[in-house]
C-alpha cells in the first residue's frame, strides 16, 4: 500500500485524490496540503489524511512514501526539488516547471540523486488509442514513420486564454506525445497562422504548428480552441507504406433525423478519463516496494519546455526556430513508457 | 442506335425517357403511348417521338426496336406478351405481372419463342454496392454464405399503403436480390410481427420477413416503412469465416454540433439513381445489334411473384409457407446478371 | 474496505482475485476456498488470505463480509443459499444455478430474508457501449423500441461445445441484456436453424434465436461460434423513428495493403475486460457499509434460466415456446442496473 | 447532337472517345487526329469518324462543332488558340498549356473573342464527394472556412517521375480544387520537406505543400506518391464551428481475418471514373445549342499554372513564395462550376 501525499487540493488534486481512494488498488492518501489551509483540512478529514501546513512539511512526513504535486505551476519546482532531496518518488502534474531553466535544475538534481524519482503528468501516453497507434508504428508494419497529422480541438476556452497558451497549455500534449511516439527529439518548430475564427474574438485561433523531428519526420498540429462542436483529438502517422490513425472511439452510433452519427466528447475529461486511471495505476505499481517510475521523466518535462519555448518564439517571429537541448544525461537514455 | 418505344409516360416512364434521351448513349426514344393520350402527345413532341393510340400499335411500329413497359401493373402482361409475339426485346418495370399465373404465361410464351426477350426492372442488381458485395461472396473469401441480414427502411409511406405492400412492393426488392446474391431459389417464407410503430397509425409496421434458401441459408429482412430518419437499405452476408456488408456510402462526413455524422439518403431515388442508369445502359448494350437481354428474366419475375405470394400467405397465417415453383425451363438455366 | 471471500479459485476466480487486489479500491480478499485445497492454499498465500476447507466455512468466517462464487455451476445453489442464510452479500458468476427450479429456490430464500443480497455476474450491463446504447433508448430519442438485431460471434469453440450451449452459455448474455435493455420480460422464444458451417464439424452452427418481448418487440440473435475472424458482439435497437447500435469500438484504424481497416477483438476477455472491472467496482461500492447490491438480481438469474430452457425447447421442437415465469416478488420490482 | 473532334488519340483521348460513343447521350465523335496518323485512322474507322492530318484541319472541319484536346502538353496552346480563332468550344485536358505565359495568351485570346469557349479538364469539381463537401462549406453550416487538410497519395509512380511533378502533375489537382472549394485565389505557397521514403529511391517523397488563400485560410497537402497501399485522396475543411471531410467511399465493408475493413481504390481511374463521365456530360449539355462552357475556365488553367510555378519555386528555395496573377478579366468574374 503506497502512502501518497498530495500537494494542492484544487480541482485536479481532488480528482486524483478521488482516483486514489475510490478507484485504484494499492494506494492510500496519507497527507494533503494546500495554499488554502481550510480546503486542505476539509479534504483531509474526508479521506482520513493528515493536513500539513506546507508542502515541505508534507514531503518530510514519514507517513508519506510518495508525493503528487498538483499545486499552482510556479510552485512545482520547489516541491519537486524537495521530494528529490528527500529521496521520495514524486508525480508532478504538467508542467514540470514554468521555465526550461527550472526544469533543467530538476533534471540536474535528479541526476545528482542518481536514479529516477520524478514522473510528469503527460497522460496521453496512457491512452488506449495512442498506445495502440504506437504499437502499430513500432511494429514496422507501416515502414519508417515520415509524417504525423494531428488536430487538437477544444469546443471553447475561457476569456483569459492567450495565444501563447495554444502552445504551452494545449499543443504541449502533442509535443510530449510525438517525442514518445517517434522515439526521438524535436529539432525545430514553426507556427503558421491561418485566417482567424470569429468564435474566439481577438484571440488568434486556429494555429498550425509544424514540428521537425530529429530524423526529418514532420509533424503538423492544427490547434483550434473555439471550434464549438466538441473536444476532438486526432492523429494519423504516415509511414512509408501505410498510415495509422486514432479511431473514432464512440461506443455507439445513432441513425436519426437524416443522419448516421456518433457522438463527439464534450471535453478532455470525457476523452481521457481512463488514461488518468491507467497513468496512476502504472505509477503506483512502478514505485510500490521502492521501485523507480518508468513514465514521462524530468527529461521529458524539460524537453517539452524547451520545445514550447521554441514554438512560442516561432509564433512571435514567423520563423523556423531550432530546438536546442542540453546534453541528455545517461539516466534518461532508456525510453520512457 | 436502339429505337425504343415506351408504354406508359407517368413518373417512372418519363424518368426512363429522360435517361434514354439525356444521359445514355446508343438509344433513342422513337415512340410513346399512354392511357392519357394528351400526356403521351406532349411527351412525344418534347423528344421527337411518335405518339401511338395503344400499346399494341406501338409494339407493331417498325420504327420501334425494343419496348419499355412502365404502365399500370395490371396491363404489364398484355404488353409483354405482345412484345414477345412481335419478337421484340421488352424491358418491363416490376412487377412482371400482377399474379404468378400471369407471370407463368409470360414465361411460357418466351419459352415458346425460344430465346430471351424479356427483362424485368429489378435495379438492385445494378447497384455498385450490391455488386461489390456479390463479388466478395462469389470469391469464396467468406466461405459458404449461411445467412443474410437485411433492413429495408423508408422514411414514410403514403396513406393507401397496406400491410401486404410491405411484401409485394417493398421487400420484393430483397426477394429478387437474394435469389441473385445466393444464386439459388427461395424455399420458404415466414413473417414475424413485431410491436407496431405509432408512426404508421393502424398499419402493421415494422415486419420481419425470414426467407429460407434452397441450401438452407436464412435471410432476414426488417421492413420498416415509417422510420422517419431516412431511406436506409442495409445488408450483411454472413459466411462461414467472415461477413460482408453494404457500406455507409456517404460521400462526406461532418463534425458539427457534438457529432460526427454522415447523411442518410432521403429516398430511393437518391439511393438508386446510378443503378437505374447502369441498368438501362447494360440492357441497351445487350440488345443492340439484335442480342438478347442478360438481366433479370421472366423467370426471375415469376419467382419473385411466387415468393411474394408465399410471404403474404405467411403474414396472414403466421406459419412457415413453402415456395412451390413450376419446373424451371432450360432457357433460364444460365445465371442472369 | 470490504473483505471478500472467494469460493472457487479457477481461472475466473483468480481473475477476480487479481481485480480485487491489484486493480480496485475499497476491497480486500480475506479468504478463499476451492475443491482443490492445494490451489486454494497457494492463492491464499499469494494474497495474504485465509484458506478454508469448504465454502460453508468460508461463508461463516467473521472476517468475510461478502462472498464471490466462482465454483463449478452445480455448486452455485448451495453457496448462494448459505450466503443468504448468513445474511451476507453474494456475487455469483453466471449461471445463478443450473436449473430454473434451483434459481427459484434462491429467489424464495432471498425474499424470505427480506432484502437483496444476491448479484449475478452478467457483465454486459457494465459495458460502456451497452450502457450508452441503453441511455439513448431510454431517452426516447428513437421512439418506442420495436426490434433489436444482435450478433454473438466467437472465433471458435472447444470440441466439447454442444448445440444447447449456444443458448445456455453463449446467447444467455443476450437474454439477460435485452431484458435489461428493454426493461421488460421475454414472453416467448423461437430458434431458426440456418445452413450449417463446415467450420464447426457436426455442430449445428450458426443458430438464429428470436425472442418476443412482453411488449411485442422482437429481438433476433445470430449465434455464430466458429466464425474464425474474431470475437464480435453487435447490437442495433430499432425504434419507431431511428436506430442506435453498438459502435465499432476500435481505438485505431490502419491504411495498409489495399485496405482501410480496424482490428476486431480476438476474444471476450479483450472485448469485456473493462466491463468486469466496472461490475466489481459498482458491486463493492453498493455493499460497502452494509448496502444492498443493485446489479443483476436473483430474479434476473431465474428469468435467464427460464428463458434459456424455453429457447432450448424451441431449438429441439422447432416451435415457438412461451416463457412461463413465477409471479415476480415485490422485492424485485425496482429495475436493476 | 454535339459533333466533337478529338485531337490526340492516345490513352486519354481514346477513353474520352469511348465515353462519348458508348456512355453519354447527345454527343457524337465526328473527327479525330493524332501525331500518329495510323492510330488516328484506326480509331476513326472504329467509331465512324473522319481522320484528319492535322489538328488545324480538324478544327476547321465544318462537321466539327467542338474540340477535345488530349494531345501532348506542349501542343495544347496551338490547338486551343486555333479553336478560339474558329469560334468553337474547346475542352482541353490539363494542363491548359505548359507555361503560365502560354496560358495567359489563351486567356487574352478568349477575352478578345468576347465570350467563353475554353474548358480545362479539372475533373475533381465533378466528383460527387467534392461536390457534397463544397455544398456543406457553401451552406455556412461550419462557419467561415479557415483551413483545409488534404492528402494525395499514389501507390507508386513511374521511374521518370521527378520532384517537380509532385507539384505540377499531382498536387495541381488540389491547387485547382481549393481555388474552387474556397471561391478565392491562392496568395502564396510553401513546401516543407519531410523525411524521405525509401520506397521512392532518390526521389524526395513525400512533400508537404502549404497554400495561403487570399482570405488567409491555410491549405495543407501531403503528397505521397509511393505509399504502396493504394490511391487515397483525402480532404477535410475546417470551419469556425465544425469540419467536413471526404467520406471513406467504399461501397462495402468486410469482416474477415481479424479485421473490419473497407477496400481502398487502386488508382485514380477507379476513384474518379464517374467524375469524368459527369464532367463530359455537363460540358456537352452546356455547349449544346451554341451555349458557353461553365466548367473550369482558361483563367482557372492560368491560375493553376502560376500557383504551380510558385510552389516549384518554393520547393527549390525553401521559402514562402507569393503568387502574382495578372488582373482578372471581367469575362471570368462569375464563379465557374
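Each chain carries a letter (A, B, C and D) given by its place in the written order, and its residues are counted from 1.
Just so it is clear, a contact is a pair of C-beta atoms (placed from the backbone, for glycine too) under 8 Å apart; a residue touches a chain by one contact, two chains touch by 3 or more.
Since we're looking at a predicted model, the values are computed, not measured.
Asks: Comparing centres built from CA atoms, which chain ends up most distant from chain C?
Replies: If we average the C-alpha coordinates per chain, D ends up farthest from chain C.
Asks: Give the chain pair, either C-D or B-D, that is connected by more C-beta contacts.
Replies: B-D
Asks: Centre to centre, by mean C-alpha position, how many angstrom separate chain A and chain D?
Replies: Between these chains, centre-to-centre, one finds 45 Å.
Asks: So the centre of each chain is just the mean of its C-alpha atoms; given that, what is the distance between chain B and chain D in Å?
Replies: Computed value for the inter-centroid distance: 38 Å.
Asks: Roughly how many whole angstrom separate the Cα centroids of chain C and chain D?
Replies: Their C-alpha centroids are separated by 58 Å.
Asks: Out of chain B, which residues touch more than one other chain, so two or more?
Replies: Residues 228-229, 241-243, 248, 250, 255-257, 262 of chain B each touch two or more of the other chains.
Asks: Which of the residues in chain B end up touching chain C in this complex?
Replies: 143-144, 146-147, 149, 151, 192-199, 206, 208, 210, 213, 215-218, 220, 222, 224, 226-229, 238, 240-243
Asks: Okay, in this complex, where on chain B does chain D touch?
Replies: 20-27, 128-129, 131-133, 136, 141-142, 241-257, 262, 274, 281, 285
Asks: Could you list, by residue number, the parts of chain B that touch chain A in their complex?
Replies: 228-230, 232, 248, 250, 255-264, 266
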